[in-house]
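Before any comments, here is the structure.
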């Protein structure tokens, strides 16, 4: 079994990559995609931790994350569809009417 | 409970006045006037009722409020409170009459605010629970804010804001100090209470006491106001409508002096004594700086406003002289200044109403056109200059003679303030009513019966205090004795 | 009964003030002068009674003014010889001047206001002299200052008058402040402001003299100097001539300006305690006497000449007090009140006749056109110059002799005083000669009525006979055993007699028959400089303007908008600036927000890790 | 599962059951009124069910190790439900005119409230995260509910993305904490100082803090707040500002008490930093704001900073005072905020866009004194001036700060309040200004909303003057919950 | 040793495809990389002794969620223009700050991770699906219920946001 610390490092790298994606991309689809990486990084840690402690809780948390990710994506894509319709673009910078 | 009823009566009258505007536009001012007259009579009745020997107070009222925090409605009236309550109600009448024809919009709400300010002030003067005190302390701000912000002059928004911010922020310091005091008392005794009498028994000492004392002190000198936290006052006074200025100068400033005497000094006696020099110094600086700034002004109201700062400096000096003379002087100054300065603000209001300006460069030689106004102004200028035989003199003299016993150099400086007072006071007179009549000023209506009678009240009051101040002194004496700090 | 004396003028004043402008002038005149007249009668009556008892002291407590702890001054009236003399002068001369003023002011606006102020003044002055304690005295003291202010600025539409009035008030207030400090000190040390008690206390406490006693005396002297227009607070008096002439006569010649003399005389027990206080009084008097005599010599305005002469004469009184000639000082005060009032009123008549022309060089040849004023003026001048036989002679003589006998600086005082006496007769002669003789420059119109020349005549009589009156009647009852003049040295006596005569003679030679010409000297550079220096009152005004007034005014202009407020406005500006700055962060851009979140996350994580 | 379990979870069951009923009902008859009725019925029943729940708990009741229900939770739950009721009432007139389909909104409202209740009662990360997500997901949809307009969509997109980042942070934090300690139940979370995993335990806590700070819109995780407040429909904004925040606060106080996480200096200072920054920056941001919704957003940032003071002194002040403060503050904040957004809402009922610019309220005092009075009470309450419940709340915070000797925080509170007074007064001043001739008329307002707003306004004042009933109630609750 | 090597390989694949995914300009390509990354993570799950999680990862994540993405991408018909636009937007400069930030963050976190000495996972073991299932329906039964509510909320939300209303149709007709 891979050492937990190594998994954690991997997960954190993944998390950071996801974060970079969120910070850099302007296309909302890509942002959501990056968010999936971040979520997955969390999932990875949970599973690794569960394995480390020999508990099923880690995997259960993983399943919950699954549910969360699915719901988020569902609603998010709903919003994406509406945005594409109203703003005629997926560029989030285009949607910055709300500002000082 | 009488005093609570008095407060509720004023609050209720405010609501009625506000609503009555729908029936008749003139109804509010009559309601307000009658309410104040009734309140004055009421106060008089309390006075005549005499001290209840059992309690040592004229009136005592207690009511459970927030028992779980040791907060109760405790209202007591002793001599000092009574004098100030009397001043409040009397100036209420004067404020209403002075704004009789000035206010043309939203008269109901205007009277509402006046009555509510006064109710708050009465509460401040009678509260014997620190929480209640703070409550009233803040409550009186809001209607005052409205008075300035709605019916004020051109720069009212700025002035009202400044007024509110200064008082509010300094008030928060006091709130922290109050809570800390209560907390210390709780740690020592295990009882949470905001009761003034009980907290009085709790001796705080050391740095903590000094810090807490400062919390109160800053709040009170901001209200007083003293240099360097005085700058709200010229703006607020200048921009406020006449009634607002009258109330501000006449009563609201006095809450600061009252607070010093009632709270800061007795609660933190030791710390206050250590601090006395600084406080007196601030007072002296206020006297001189206020006078100097007053002379610099070209706006009638602003000049009077700065003169208020100078006068209030005497209160600070008197209170921190830590002797009977100084304290009594401070109290008499509060009362006398209430009348003299209120009158000058009313004069400014009358001039503004007639000339639509407060700039003295636009005035000059007005005596020729309105001799009665001139004579009245002369009288009150003279009073505020500190002419013996009029109230202000008694106060200032007592303060100085008391302070002299304590600190000679500061008293000498404060006494110089009297000369400065002459400089700006007479310059005010010269620039507005004397000198070559300004050709731009067309005919000006002189005072009528209504105005004269109001001024007459104040003249009588000032002469009375000046010639026989014993009524005020006797009323305040037991308070000072009870505080036990003035000796 | 005594309370009626001040109460009557007060009543008159209140009545006149409250009915301002609504009473007919005749009624106003009656009320205005009548109240003072009645007060004079009352004073006479009370005085007789007091003298009759032989006690020479009479106290009447009205009420306790205020009582705070051990500070409980009462409103008490106290009458003794000194007070009686003063009361007599105030009510008597005051009445005459009021009477004169009913005519003089007839044509002026604010007739009623004028008498209201005048009555108020009489009231205040009476409180000053009758007050049993220093606080009551101070009440009167400030009150007369106020009335002086009001009356100097009576013609208030002219800004110059207003300026003069304010100057008078403020300058005297400087003195008042010193006096107030003296009271504070006295109260702190002795514990009372009752005059008699304080004097007893002081003599009991400091029989050996003390710095504090000297300090109190000097502070009181400061008050006296201000009120009595002595160096260095003398600058207001000449300007005070802006007021109507009866005012100048009453306030700035006869009564108020002598309040300082009264104060020092009243507190003489303290001044007499060992210490330099007395010398200070004498020196102040001497310096003033000298300076103003020179100044009077070059003035062109008739009232200003009289004003400087008043200062000079009060200087004499101070000198008298300073050398211990209490009675002589008060005696001179009284006679001065007579002749100076006379001079002012007479000059007032002249001025009125010349349509408010006050420059003596625009007058001339009036002696046969304005006879009563001329005669009055002449008599007054004689008394002023202290020519033998006039009242001024007796009083001044007494002063000079006492000065000569003074132990330490006697000779100096005497020489100064005699020199000034010479100057006095010189400028008096100049004034008379230029005003009433020579060619006619302005045509006079005499409007005088009986109410104007009547008082003049009475004052003429007093100016001549007053000396005898004082000498014979009052002197025995004065505190220090009277004005018993002993002619110590014949030469001294002769000089004292002769110097005024010399002055008149030289004056005549210069301005009468022009035997001595001073034109050349006057035209020279030095002469012109000197003239200007003297004319400007030895540069006191000039100096004060530069040292006190101008800097203050300039300072006031600099800081009109209160630099303290900058502290708060800059806090406000700073807050606003920060607001505008942080507001910029709300760009509406999602990526920017996310970046900030990550930065925040980094900060939080760092804090946690570093602190862990 | 015991019967007691059932009774204790009854309010939640009622709520979720009601949601299902509503869904089925809506699928049969699509009537706005019916949806509203069912929603209100559900919410009221759920409130009533708390009575049953309360009977079955003494100091607190553990549900499956995931939720803990005590008096405090009941208090919060009732607050959420009342908030939801008010929101539903305001939503009806608001959406009725401008939306084609309004019924889904109520379903989302109910699920969101259920989520809030779960969050407030969570004693385990699993329930915490789930509750939070139920709440957030519902909110995304609620914010974007008027999907035809640009602003709500933009707001929802921003909220969604940023909230998802925050959720990820929380998840990562929880995962790390779990990896370090092997448990996810709050009560068991602990790590010995010597443990090698301590560093990433703390790292996890830091991440959780960041996530919570985001949900509470604390500086520097606040940036979404004004945009979302502004973009979302006023009804939803009110809901976001109250229920969603209230839930997280309940969780937070629960969390810090159960885990003593603030006894780790690093975490403590991190939270102090966040609190101070929120108080100062929040107020500074609001200073010259002219958009009322944005203003309230900034003000909420500051207010949550104030509230954090009470949380931060959890280890130095008496626990009952801390709890009292938090409960009272949240209750006060609910009333005030709902009233504020209620007014924005009801003046916007018949407008196409939300009536959110401050200019629109110029002269409100003369045009509609009642509404103006309520809005004045709101502004004063937010500023913490006596006569309003806001003062009582601020008083408590001061008391907690002083008792906990957290002087730096008290100073920050003072400075923040001072800045705050400025803009609240500006709002009041706008209302008392004279109306310029030719200014746009104020939109008509419906009566039932006015009644609701007036009741809230009265509550602000009455509880401000006589707070004893509320204080006593809260004290009883706190004491009953074992403090 | 083999599992460890496998782990590193899978880890490398994950990171590489993640980086590729977030740098793509074409959404469909990015999604494919996402799938690759998810599958690699599934491998790691398996290596961590969590076969159930690995299976779910493939079935639900890669199978369902990514497909949902793909549907939307296709529905929105993000064509060549969008790719070009993306390329335009993704300048080098835009990457610097976020990458730097992420690096710092990573460094800090890494420091935190390695600063303590870690006990070896004594209790580490494989967790059977059965065990997970039992825990799910005993201890976490409430969580399952709540997940249901969560999905319900998502369902309603997505329904409301995604569906076409009358107004939309009218609008579309007008524009076409």
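We call the chains A, B, C, D and E, going by the order they appear; numbering starts again at 1 in every chain.
Here is the rule we go by: a residue touches a chain if its C-beta (ideal position, glycine included) is under 8 Å from a C-beta of that chain, and two chains touch if they have at least 3 such contacts.
None of these values were measured; they are calculated from a predicted model.
Asks: Can you name the chains that touch chain C as well as chain E?
Replies: A, D
Asks: Comparing centres built from CA atoms, which chain ends up most distant from chain C?
Replies: E
Asks: By number of C-beta pairs in contact, which chain pair leads?
Replies: Greatest count of contact pairs is found between chains A-E.
Asks: Please report how many Å separate the Cα centroid of chain D from that of chain E, as a whole number.
Replies: Going by mean C-alpha positions, chain D sits 30 Å from chain E.
Asks: Can you check how far apart chain B and chain E are, centre to centre, with Cα atoms defining each centre and the answer in Å?
Replies: 69
Asks: Need the CA-centroid distance for the pair chain B / chain C, whole Å please.
Replies: The separation of the two C-alpha centroids amounts to 37 Å.
Asks: Taking each chain's centre as its mean C-alpha position, how far apart are chain C and chain D in Å?
Replies: Using C-alpha averages as centres, the distance is 77 Å.
Asks: Which residues belonging to chain A are in contact with no fewer than two other chains?
Replies: Only 4, 8, 18-19, 22-26, 31-32, 48, 50, 52-53, 55, 57-58, 60, 64, 68, 71-72, 75, 78-80, 82, 92, 95-100 qualify.
Asks: Two or more other chains touching the same residue: where does that happen in chain D?
Replies: Those would be 126, 130, 133, 137, 140-141, 144, 147-148, 157-158, 161, 165, 182, 198-200, 202-203, 226-227.
Asks: Two or more other chains in contact with one residue: find those residues in chain B.
Replies: Where chain B is concerned, no single residue meets two or more other chains.
Asks: Name the touching chain pairs, please: which are they?
Replies: Those chain pairs satisfying the definition are A-C, A-D, A-E, B-C, B-D, C-D, C-E, D-E.
Asks: Using the touch rule from the top, collect the residues of chain C that touch chain E in their complex.
Replies: My answer: residues 595, 598-599, 601-602, 605-606, 609.
Asks: Please give the residue numbers of chain C that touch chain B in the complex, ascending.
Replies: 17, 20-21, 63-69, 71, 75, 113, 135, 138-139, 141-143, 146, 149-150, 153, 156-159, 162-163, 165-166, 169-170, 173-174, 176-177, 180-181, 183-185, 187-188, 552, 555-557, 559-560, 562, 564-565, 567-568
Asks: Can you tell me which positions in chain C touch chain D when the two form their complex?
Replies: 575-576, 578-580, 582-583, 585-586, 588, 590, 592-594, 596-597, 599-601, 603-605, 607-612
Asks: Which of the residues in chain A end up touching chain C in this complex?
Replies: The contact residues of chain A facing chain C are 19, 22-26, 31, 92-93, 95-100.
Asks: Could you please specify the touching residues of chain E with respect to chain C in the complex?
Replies: 97-98, 101-102, 104-105, 108-109, 111-112
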